[in-house]
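Okay, so subunit A shows up in both of these, paired with subunit B first and subunit C after.
Right, the complex of A and B next:
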């Protein structure tokens, strides 16, 4: 396992793609958050909503490079035929997928933390000083939102890895993952029945997982913060299981 | 010598192996790879699936009916009406000496001009039933005197605000179906504002003064407003009236009327000579914001977004898979005229995607509409020509996006890069314009210059100058005309295809 992990880490480290994608995550997250914060309608009493959620809104965009990275970790190997070498060197396929998942988790954790802290910093700088209601990591719910968003990014990466292992193609994998993430938030706007909308938002990986960013008005959420992240984790585990099973049973 | 032989061979090859053969070869390649056909079927199914989902998940049963105007369009017809029945021809005059509005959630004081389309004036209307025919002349918050009829017609009269020092006199003359509106600053010199033919006024239409106050734009949303007008010298000449004025709220509970702001209500006080009337609502065509429970064809076809992802993946893979498997070398060895290969690929891909999209949209649109209607949802009406445009435009949007993906795939020669680039170019603007906090200027800019402008081909809503609303892509109003928006995407696709052809010729495969 240790050697498998070392091999996967080397692959990730020595290709330019992962680093650029993680930098893309940081850039997309921080810039969208900063733009959203600068557009917010703020008064002396606050910003008329959830400040933490507003500052972290950049993740809507920043998760896309993470998803692409998750797909490419295994999909890229199918594209180049490298997967055959990998599996010849490490015949225990579950170990390969686990090592990939661990290496991905580590790199997304680092990139995601930088991105999320950058977004919070941008929010603090751009939003007018709201006194004791300002963004602060010592505030319990805000800390939960920040920490939960990093976890969310990791789960999106793992979900993408599982999907790519199942479809064995990076283009299809990216299409499936981005569809899974963005279709429900778009579609739920056209659904006028609130019961249906909440059900969809509760089940979809993005809308449920990002519930972890809410710090005010928790009662109106379709799903609680941690339970929502649990749904995303369920998606990640399910796709990893399916991907792992298919990897074990199929030819590469 | 050798060169002569080669050129003759090349000439023979063109005869035997023309464009049709290349097209046939590319069609065979498309047809025989299972994933490509699955991708097309998935795209059509997604259109259908989301149409069904949108249809069955909407629920408006038991809601009050949406008022429908004479042109069968949904209308707002809720206002405060001080009226009496009048038969025969005649005329009615009044002097308006004040029109002040307030937005209780924002600046609370009554101020003139605060709500630009606040209305106070004279109206002749078939009955107090919502959606019945009418003609009216009115002073407005900031748009001067207007004459309006049939909910959608609007004619400008003398500009300027009204006040105690400069009251505005208004007059409506009825002669059969012809209603003529006049305005005057002094009561002696009358300016004709407009004439309207109003059919269906009936034997005893209601005539009188009214006040309406539509919701005011407030940041990203709207806020309820209420307006108060002071009328004097209300006189009916000719005609047979019974002489008693009654104050009523027309359409108090209606899907196109959000109701009075908290703590306010419609009222009329004073005697025959001088009336103070307070009202809210509007007499106007309904727009997306005033009929939030309504549905549009664009929303039924919301699966276009998901189907786009599928066809973009198929389009990019149609060429990048050849690079991955090195099949491209065989293809180019068989057809040395490389740009012809690319054009053949684009033709096959466009035609197949268009067919798949057309099948999906042709099934999805009527099915989704039927399901939504059976759940009591009012759909903004579209002519069959518009419906045809939306259905064909959706198929063309999918097909052109697939060709754009093919071209980008031929340029970057890498499937992940191509899919990501095209998704960012088309899908990202769509997501960004759908964010509720996106300012209208930024959203309109995105819907004008990015390939995502092509979603304009699905618009069915009409914007009205006389209704203040957020006419943004988020609400279904696009800055470009339907086919102009589509042309933006087509231009991107053609430019990328040309660039891909040049690069394919110049580079090694």
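Right, the complex of A and C next:
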């Protein structure tokens, strides 16, 4: 396992793609959050809603490069045929997928932390004093929102890795993951029955997972912050299990 | 050149050294890809795996590497299945597809991750880069490599673990003449160091000067498994070619003496079942002029065509005659 992890980490750091994608996550997250903060309607008492959620809204966009990175970690090897070199060097396939997952987790944890802290800093700079107070990391719910958003990005990366291991193609993998993330919330807006809409928002990986960003009015959420992130984790675990099982049983 | 004693580590392990493939059977849907493929690859010998495209060469190699599963049969490396090897690149070095690289990663970094997967370090990477003559290009992105450079990089990867077994799928494909000469010498030197070398090709001419032993495959099984000299002798038969301007006269003399004779060209006849010296003596005694009496020697190309005639699955409809 140690050697497989060393190999996968060497792969990750010796091409330019992962670094650029993570920089993309930082840029997209910080800039969208800054724009959202500058449009907020703030008064002396507050910014008319959930300030932490507002400042972290950038991950809606910032998660896309993470998803692409997760897909490319294994999908790129299927595209070139290098997966056979990988599996000839490391015949234990579960170990290979685990090593890829760990290397991905480490990379996204670093990139995601920079992105999320950058978004908070942007919020503090752009929002007036009222927002400044709400965005303190010493505030329990805000810290949970920040930490939970980094975890959310890691889970999206892992979900993408699992999907790509199953579909064995980068373009298909990216399509499936982005569809899963962005199409479900759009579809849920067209559902008129509130019960069904709530259920869909509880089940979808993005709408449930981003409940972890909420710091006010928790009672009105379709699902609690940690429970919501748990749903996203369930998605990641399920796709990794399916992808891992298919990787073990199929010809390479 | 390698200064270390090669391959000793796994030759010492229990079980037969080299590769033993026994009774592989594999079905893709309705197509039978492997139909009882069996052969052995021995140390110190270059074994050529030859056969038409689609005969099962690449599938067999993927099975040996544990990449593809089979319905029946076993492929063992020094007595063990590949998937049970702890550091497989120290047992078998292989090159299946030289293009299977990340275009944005340098050749050196490609070897580096492979080395790390086996617990080897960057020093070993530098050694194999030098060994295959890739030093000037090693730090450039592999996407810009020519096919010949990719083949060299693939060979370097196969040598990384200093394995007693080397397996290459179509290593001559796309190589320029210089590269082919280099590859031949290289394969010979690997075998001379005591390694088992398995090389596949769909062109007999590519392996005839390199291989000592041939496994000819067709329709998913080995249809011949013998030394190069034995194979040629088997197909040549005991025919003798006589070149003479007096063909009719020569045939009359030979038939009267009891030989089986056929006119095979404007000035050549073929005699079966008689040694060349007896024919020459008989013709001289009867004053038949001739310019040549020689034992027919088949080329490996003939052997290949003879053996695979039945096994070629897709032959163009217009291609009815094979010129010799």
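Here, the second predicted complex is superposed on the first by the 249 of 252 C-alpha atoms of A that agree within 3 Å, B and C clash if a C-alpha of one lies under 4 Å from a C-alpha of the other, contacts with A are read in each partner's own complex, and residues count from 1 in each chain.
Just so it is clear, contacts are C-beta pairs under 8 Å (C-beta built on N, C-alpha and C of every residue); 3 or more make two chains touch, one makes a residue touch a chain.
Everything numeric in this text was worked out from a predicted model, so none of it was measured.
Colleague: Would subunit B and subunit C fit next to each other on subunit A once aligned, or clash?
Modeller: On the superposed model, which is not a single observed complex, subunit B and subunit C fit side by side.
Colleague: Just checking: does A:90 make contact with subunit B only, subunit C only, both, or neither of them? Give me first, second, both or neither.
Modeller: Touch partner of A:90: subunit C, not subunit B.
Colleague: Angle at the Cα centre of subunit A spanned by the Cα centres of subunit C and subunit B: state it in steps of 10 degrees.
Modeller: Reported to the nearest 10, the angle reads 110 degrees.
Colleague: Classify the contacts of A:227 with the two partner chains as first (subunit B alone), second (subunit C alone), both, or neither.
Modeller: neither
Colleague: Using the touch definition from the top, say if A:170 reaches subunit B (first), subunit C (second), both or neither.
Modeller: A:170 sits against subunit B, while subunit C stays out of touch.
Colleague: Is A:137 touching the first partner subunit B, the second partner subunit C, both, or neither of them?
Modeller: In the superposed model, A:137 contacts neither subunit B nor subunit C.
Colleague: Which partner does A:252 contact after superposing on A: first (subunit B), second (subunit C), both, neither?
Modeller: The answer is second: A:252 touches subunit C but not subunit B.
Colleague: Is A:192 touching anything from subunit B or subunit C once the two structures are fitted on A? First, second, both or neither.
Modeller: Once the two structures are laid over each other on A, A:192 reaches subunit B alone.
Colleague: Considering only touches as defined above, state whether A:11 meets subunit B (first), subunit C (second), both or neither.
Modeller: A:11 contacts subunit C only, not subunit B.
Colleague: Where does A:76 make contact in the superposed view: on subunit B (first), on subunit C (second), on both, or on neither?
Modeller: It touches subunit B and subunit C both.
Colleague: Is A:178 touching the first partner subunit B, the second partner subunit C, both, or neither of them?
Modeller: In the superposed model, A:178 contacts subunit B only, not subunit C.
Colleague: After the two structures are laid over each other on chain A, how near do the C-alpha atoms of subunit B and subunit C get, in Å?
Modeller: Scanning every C-alpha pair, the shortest subunit B to subunit C distance is 10 Å.
Colleague: What part of subunit A is shared between its subunit B contacts and its subunit C contacts?
Modeller: In subunit A, residues 76 are touched by subunit B and also by subunit C.
Colleague: Looking at the complex, which residues from subunit B come into contact with subunit A?
Modeller: 35, 50, 53-54, 57-60, 219, 293, 295, 299, 302-303, 305-306, 309-310, 312-313, 316-317, 320, 324, 377, 415-416, 418-420, 423, 427-428, 430-431, 434-435, 437, 439
Colleague: Under the definition above, what is the set of subunit A residues touching subunit C in their complex?
Modeller: 3-4, 6-8, 10-11, 14-17, 76-77, 80-82, 84-85, 87-92, 251-252
Colleague: For the complex, give me every residue of subunit C touching subunit A.
Modeller: 62, 65-69, 82-83, 85, 88-89, 94, 96-97, 99-106, 109, 112-114, 116-119, 157
Colleague: Which part of subunit A faces subunit B closely enough to touch in the complex?
Modeller: Residues of subunit A touching subunit B: 36, 39-41, 60-61, 68, 71-72, 75-76, 79, 169-172, 174-175, 178-179, 182-183, 185-187, 189-193, 196-197.
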